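Two complexes, one shared chain (subunit A), two partners (subunit B, subunit C).
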Partner chain A sequence: MLIDSFLTSLLATLASPWGLMLAVLGTLLGIVLGALPGVSSTMALAILLPLSFGMDPAFAILFLLCVFVASVYGGSISAILINIPGTPGAIVTQLDGHPLARAGRAKEALVYALIASSVGGVIGLALLVVTAPMLASIAMRFKSPEFTAIAVFGLVLLAYASPGSTVRGLLVGAVGLLCGMVGFDALTDVSRFTFDTRGLQGGIELVPLCVGLFGLAEVLRNLHGSHRATPEFDMQSTQLPLPNLRTIAGRWASMLRGSFIGAFVGAIPAAGSAIAVAIAYAQEMRFSRHPERFGHGAVEGVVGPEAANSSSIGGTLIPMMTLGVPGDAITAVLMGSLLIHGLRPGPMLFAENPGFVSSLYAGFFLALLLTLVIGLLLMRWLPWVLRIPSHTLLIGIALLCVVGAYAIRSSMADVYIMLFFGAVGYVLYLLSLPAAPLAFGLILGPLLEENLRRSLLLGRGSWEVFLHSPIAMGLFGLSLLAIILPLLAPLWVRLGNDIKRVRMH
Partner chain B sequence: MRSFNAFLDRAVGRDLACGLLFSGIALVGFINVSGNTMLMNTLGRGPDPGPALLPLTVLSFMLLGGSLLLLKGLAGWALHSRRTAEQTPPQNNVPFGRHTHAVALFVSLLALPSVVTSLGFLPATWLFATPWLIWLEYRRCHRLRRALLLGIMTAALLSLALYLIFITLLGVAL
Partner chain C sequence: MTLRRLIIASVLGFTLPLSSGLLADDFPERALTLVVPWPAGGAYDLAARLMAEHAGTALSVPIVVQNVTGAAGSTGIRHVAESDPDGYTLGMMGTHAIAQSYMNPNATPLDELEALVFIGPEPAAFAVGSDTGITDIADYLQTLQESPGAIINGNDSPGGFSYIAASMLESQFDVTLTKIPYQGYAPTFSALLSGEVMSALLPIPLLADQHASGQLQILGVASDARHPFAPDVPTFKEQGYDFTAEDFFMLYLPQGVPNERRDTLESAFYTLLEDEAFQLAASEVGLVIAPQPREASSDYLTQRADEVYEILSSANLVDDALTR
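After this line comes the complex of A and B, so read on.
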């Protein structure tokens, strides 16, 4: 049944010239943008998001998935060739990828990264296909109190895993919650935080916020250093013949280890690819007979993390698809695309729109296939992308942000909202505050408020309704633990040190 | 301005700035909510807690968090000033110039929508991109003629590409 609908969706996409063209375009753009230093997968997705508005929802998600998957591989190109990770997930790839490139084995490293990415992606997809319907069927039994707790837990966990302290992450998330309340209340029609401005009466859309926060803010951040020349690299070493298949297949163990680590770590909300690749790298080092080679050009140091990086995509989609909680900043942007097309991710998506779920799986698979094919075909020319002057790209992205924000509803108010959040993103960067919780707050805010009020209505105004749900209480307990733990951890360490000192005396 | 950067680069300065930011947002929010009589009247009416409950809860949390950060920053500042009075002051080695490009780009982007409305999309985007690309190219290569030529051409290509994608292909009414 599942395989049938998956194959039907895949064949329908392959048979559509428009769909196939969009997928190829998305893959090309994803690889190029991912390869460019300073353009993360989140930024690539945010700036290309407005292009998908006019598309059919299935094509829009296909296009964006192709950008997402391809940009993850693209990030490894600059990590290997110029020692600058194109995306945060490629941060570990540079440790051994760049020494390989310096040793004249750049092509080998690029091929290993591409194959490992493809294998990892397929395993991540398999985990998504197997676990998502099961989790969704469990989540379908949840009622308002459980969903309230999920929203709180998601927000706390996402703030917990953001860089910087949990409290600061939570406070940024709170600003996001307030942004989600702007406009007219859906139940009572009372206005909130509109400041008598007509532009705010319709509320703050997720897309201009994401374009400003993850697109324009990054441009503002990188503009000052845009005059710096790209580090030189040996182009000759990228033009060598491909390594033979048997040598590549010999790395199967590293690929599988990395893939499973990435898929499971990615499925934890907020853990993200950066944590997955770090764990995969550490495991490869542990399993290696020559750990001393790591950092000096060990192939396993490229294969394992790249497989983990790609497989984490499938993992991050699990909480988004089943609970409506974004797994990380990239899935938050992806959620924006679904919401604009009237599709609310969550358990009901599986019941109400199973065809769309199958087309998402098919789109993901096609994105992996196209990344592999296009990556192999264009490997000789892809390093040229790194020669694009960064200032041209940044000005182009700034213009794209403005036009893209306008394209959402043909409204100048959205452009000003995007510009406002671009400035907010820059201020957050100056204050070393994480930007992603703001988007999480905007997504989870309406979910939290709607379910909190419905729960209290069900409980006739009594908060005891939450006490009757063990799942909700468990999630509230875990949320509290996630807030308290970082506050208590330094005290615990200090206490341990004091005890040690006393014992020594 | 140099001292502003050095201030933000220090943990104490960040605590103070974050505390002020979050407390400030919370105070503005409280003033807005309390001034909205229709919203405040929904509180405590029947089993539905109303649309004012969550904003007030979030704002209270934000005010508490912001105030704690502010207190932490003030305590750190007091300690820091006592220490620096005894030692030599730290070097402020972060130039303010790192923000000028960001501020200038932001201001020019703010003006762009009104220029698009009055001149049309293609001339407005070209007018926006050309000086920026000339300046940034000149900053990179220090050759004026090359910067002028490349800047004008690249800006024209960029504007045309965006026009073709958004206005011709996607039919955005600009």
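After this line comes the complex of A and C, so read on.
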């Protein structure tokens, strides 16, 4: 039945010229934006999101998924050719991809990256399709106390997995929580933190915040950086013939390892693709018979992480779709687009809108397919993208940010909010604080507040409601563990060292 | 700033009657914007998009649906109230606009809006979860009389229709519910299904499938007539209780739209709502279409405003600055 509805929605999209055109357009834009250094997948999504407002929800998500998936591959183009990762997920790809390119094997590296990306993506999708309904059916039984626990767990993971120090992540996350309180109180409709202005009564929407934080702030950051010369690279190296299919297929083990690592790490809320690729790279090195080749152009060093990078997409969609908790900044933006279309991700989505869920799966699959096809067809010309002068690009992006923020609900207030968070994002960058926890805080804050207060109302003021829910208690336990473990780990290591030292003497 | 506004206002004041007189025959000559104060996907949005789809039957121009959301619906209402009163921007509202106008000092007062056409009522159905063991209204009321507050009812936050309906039930039958707020109908509905709340007053199309499959039970329809989506469920009146609770859909304009344009719009939308194909499409999604002309719509709005004010003021929800 699942396969049936999946195929029906896939065919429906393929049969509609409008849908197919959007998908191709999304893929092209995704590859181009992903390849541009300084434009991450998150930014690509944030600035293209407003284009999708007017579309039918199924087409909107198809378009965005195409942008998402294609930008993930696009990121590896610049990583391989000019040693600058186009997206954070491609940081590891450059370690071996660029040495390959310098050795005149750029095309080979690009093809490996593309194939590994596609394989990883399909495996990520398969895991999403298999796991999500199971998780959703469990989450269907979730009531307010369980959702409170989920929000707490999400917040803890967010602090734990933020890049940089935990305290920094928590600090920014707390600001995000505060932002989530602006506007009408979810339970009483009393307005809060609005400074008696009408503009803030509607609260801070996720989309203008994301557009500001991940779009405009990045533009400011790029302006801030010293003028970067148009990168030089050897175009000839991308024109060599393709490696044959058998050699590529021979890398199946690396692809599979990378894919599974990516999907599992991606599924942990707030872990994201950058962590997934780092683990995948480390694993490839461990399994290799020639670990000394890594860093000097080892093909496994490109294949494994690229597979992990793509499969983490499917992984990050699991908590977003089933629990409404974003896996990373990109899914936070995707969530924003679903909310605009009146679709709240979470267990109810599976029950109320099974058609939409299968069209999302189909859209994801189509995105992978198109990225592969377009990536292969355009491989000769894609490197030209890197020659787009950055000043033209930045102006275009800034413009899209403003138009996009206005388009959400035709309100200037959202434009001001976008500009404000653009500035906030830039300040965070100057202070070297991570920006993503702000978006997580904004999503999880209202979820936590609403459900916590409702749980207490239901328990008539007593915290005992949480004790009666084994699931909530389990999640609280896990949260506690996640806080305590990193604190204990250094102790453990020191203890181990002490024992070793005692033995040696 | 004030001076500039004054000049603009006076210039507009002089030219508007003139220009509208000249252009009366041409109106409308470009697309109309219909503002929906809720996100896409809800019943309001559905009704608006159906009208836009069938606009060709009554209008020579298309209708563009615009979702201007936020602040419990008051952002969208303000958007219309502050738009140019040229007849090209109109909005759709329901009980929420009345409630907000008394609860929120920043919301648009009702006298800044002009009722255009009443589209139809949205009757509430009174449903209980299947594991509550309650099988009829008498049973439900008895439980509440024995122990006030024993029933946990899911509803909107104060000001939303399902909250007002629950308050109406309380005052009608002199009982006390434990009212738990949710953000809209869909979460309330899932709380009713999961058993987190025991009862709720919600629109019928939302409940019909689960009622048929036995996951919940609709005890009564709070309207004068049964609903085509649940024809087996009797109304409250049929069961001997004089209780109705209806939300409504109404088209409105900002104050100050020239009379000819207003009348053109009124008759066009009235024709559209009476259209057979439109009514068929509306009934398929469970919308009740019962259009009323402008005068009657305006009376209806006044009457509902009085009712809602009563309920809000007895619950101490009317803002101090907005008491009558």
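Just so we're on the same page, the second predicted complex is superposed on the first by the 475 of 505 C-alpha atoms of A that agree within 3 Å, B and C clash if a C-alpha of one lies under 4 Å from a C-alpha of the other, contacts with A are read in each partner's own complex, and residues count from 1 in each chain.
Note that contacts are C-beta pairs under 8 Å (C-beta built on N, C-alpha and C of every residue); 3 or more make two chains touch, one makes a residue touch a chain.
Being a predicted model, the structure only gives us computed values, none of them experimental.
Undergrad: Quick one: on subunit A, after the overlay, do subunit B and subunit C clash, or do they fit? Just give me the call.
TA: fit
Undergrad: Is A:Ile484 in contact with subunit B, with subunit C, with both, or with neither (first, second, both, neither)?
TA: A:Ile484: touches no partner chain.
Undergrad: Look at A:His341 in the shared chain and tell me whether it touches subunit B only, subunit C only, both, or neither; answer first, second, both or neither.
TA: second
Undergrad: Under the stated touch criterion, name the partner, subunit B or subunit C, that contacts more residues in subunit A.
TA: With both complexes superposed on chain A, more residues of subunit A are touched by B.
Undergrad: Using the touch definition from the top, say if A:Ser410 reaches subunit B (first), subunit C (second), both or neither.
TA: So A:Ser410 meets both subunit B and subunit C here.
Undergrad: Is A:Leu11 touching the first partner subunit B, the second partner subunit C, both, or neither of them?
TA: Neither partner.
Undergrad: A:Lys143 contacts which: subunit B (first), subunit C (second), both, neither?
TA: The second partner, subunit C, only.
Undergrad: What is the value, to the nearest 10 degrees, of the angle subtended at the Cα centroid of subunit A by the Cα centroids of subunit B and subunit C?
TA: With subunit A as the vertex, the angle is 80 degrees.
Undergrad: In the superposed arrangement, which partner chain does A:Leu377 touch: subunit B (first), subunit C (second), both, or neither?
TA: Touch status of A:Leu377: no partner.
Undergrad: Classify the contacts of A:Val493 with the two partner chains as first (subunit B alone), second (subunit C alone), both, or neither.
TA: After superposition on chain A, A:Val493 lies in contact with neither partner.
Undergrad: Touch check for A:Thr188: first (subunit B), second (subunit C), both, or neither?
TA: In the superposition, A:Thr188 contacts both subunit B and subunit C.
Undergrad: Check the residue A:Leu457 against both partner chains and state whether it touches subunit B (first), subunit C (second), both, or neither.
TA: So A:Leu457 meets both subunit B and subunit C here.
Undergrad: Look across subunit B and subunit C in the superposition and give the shortest C-alpha distance you find, in Å.
TA: 8 Å.
Undergrad: Enumerate the residues of subunit A that count as touching subunit B in its complex and touching subunit C in the other.
TA: Dual-contact residues (subunit A): 185, 187-188, 191, 410, 457, 460.
Undergrad: Using the touch definition up top, name the residues of subunit A that touch subunit B in the complex.
TA: Interface residues on the subunit A side: 51, 53-54, 167-168, 170-171, 174-175, 177-178, 181, 185, 187-188, 190-193, 195, 216, 219-221, 223-224, 226-227, 229, 389, 391-392, 394-396, 398-400, 402-404, 406-407, 410, 412, 415-416, 419, 422-423, 426-427, 430-433, 448-449, 452-453, 456-457, 459-461.
Undergrad: Under the touch definition given earlier, write down the residues of subunit C that touch subunit A in their complex.
TA: 39-42, 45, 66-72, 74-75, 78-79, 103-104, 106, 152, 157-160, 178, 180-183, 186-187, 190-191, 194-196
Undergrad: Under the definition above, what is the set of subunit B residues touching subunit A in their complex?
TA: Contact set of subunit B toward subunit A: 8, 14, 17-18, 21-22, 25, 29, 32-33, 36, 38-39, 42, 46-51, 53-55, 58-59, 61-62, 65-66, 68-69, 97-102, 105-106, 109-110, 112-113, 117, 125, 128-129, 132-133, 136-137, 139-140, 154-155, 158-159, 162, 165-166, 170-174.
Undergrad: Which residues of subunit A touch subunit C in the complex?
TA: Result: residues 57, 140-144, 183-189, 191, 196, 198, 201-203, 205, 339-344, 348, 351-352, 409-411, 450, 454, 457-458, 460 of subunit A touch subunit C.
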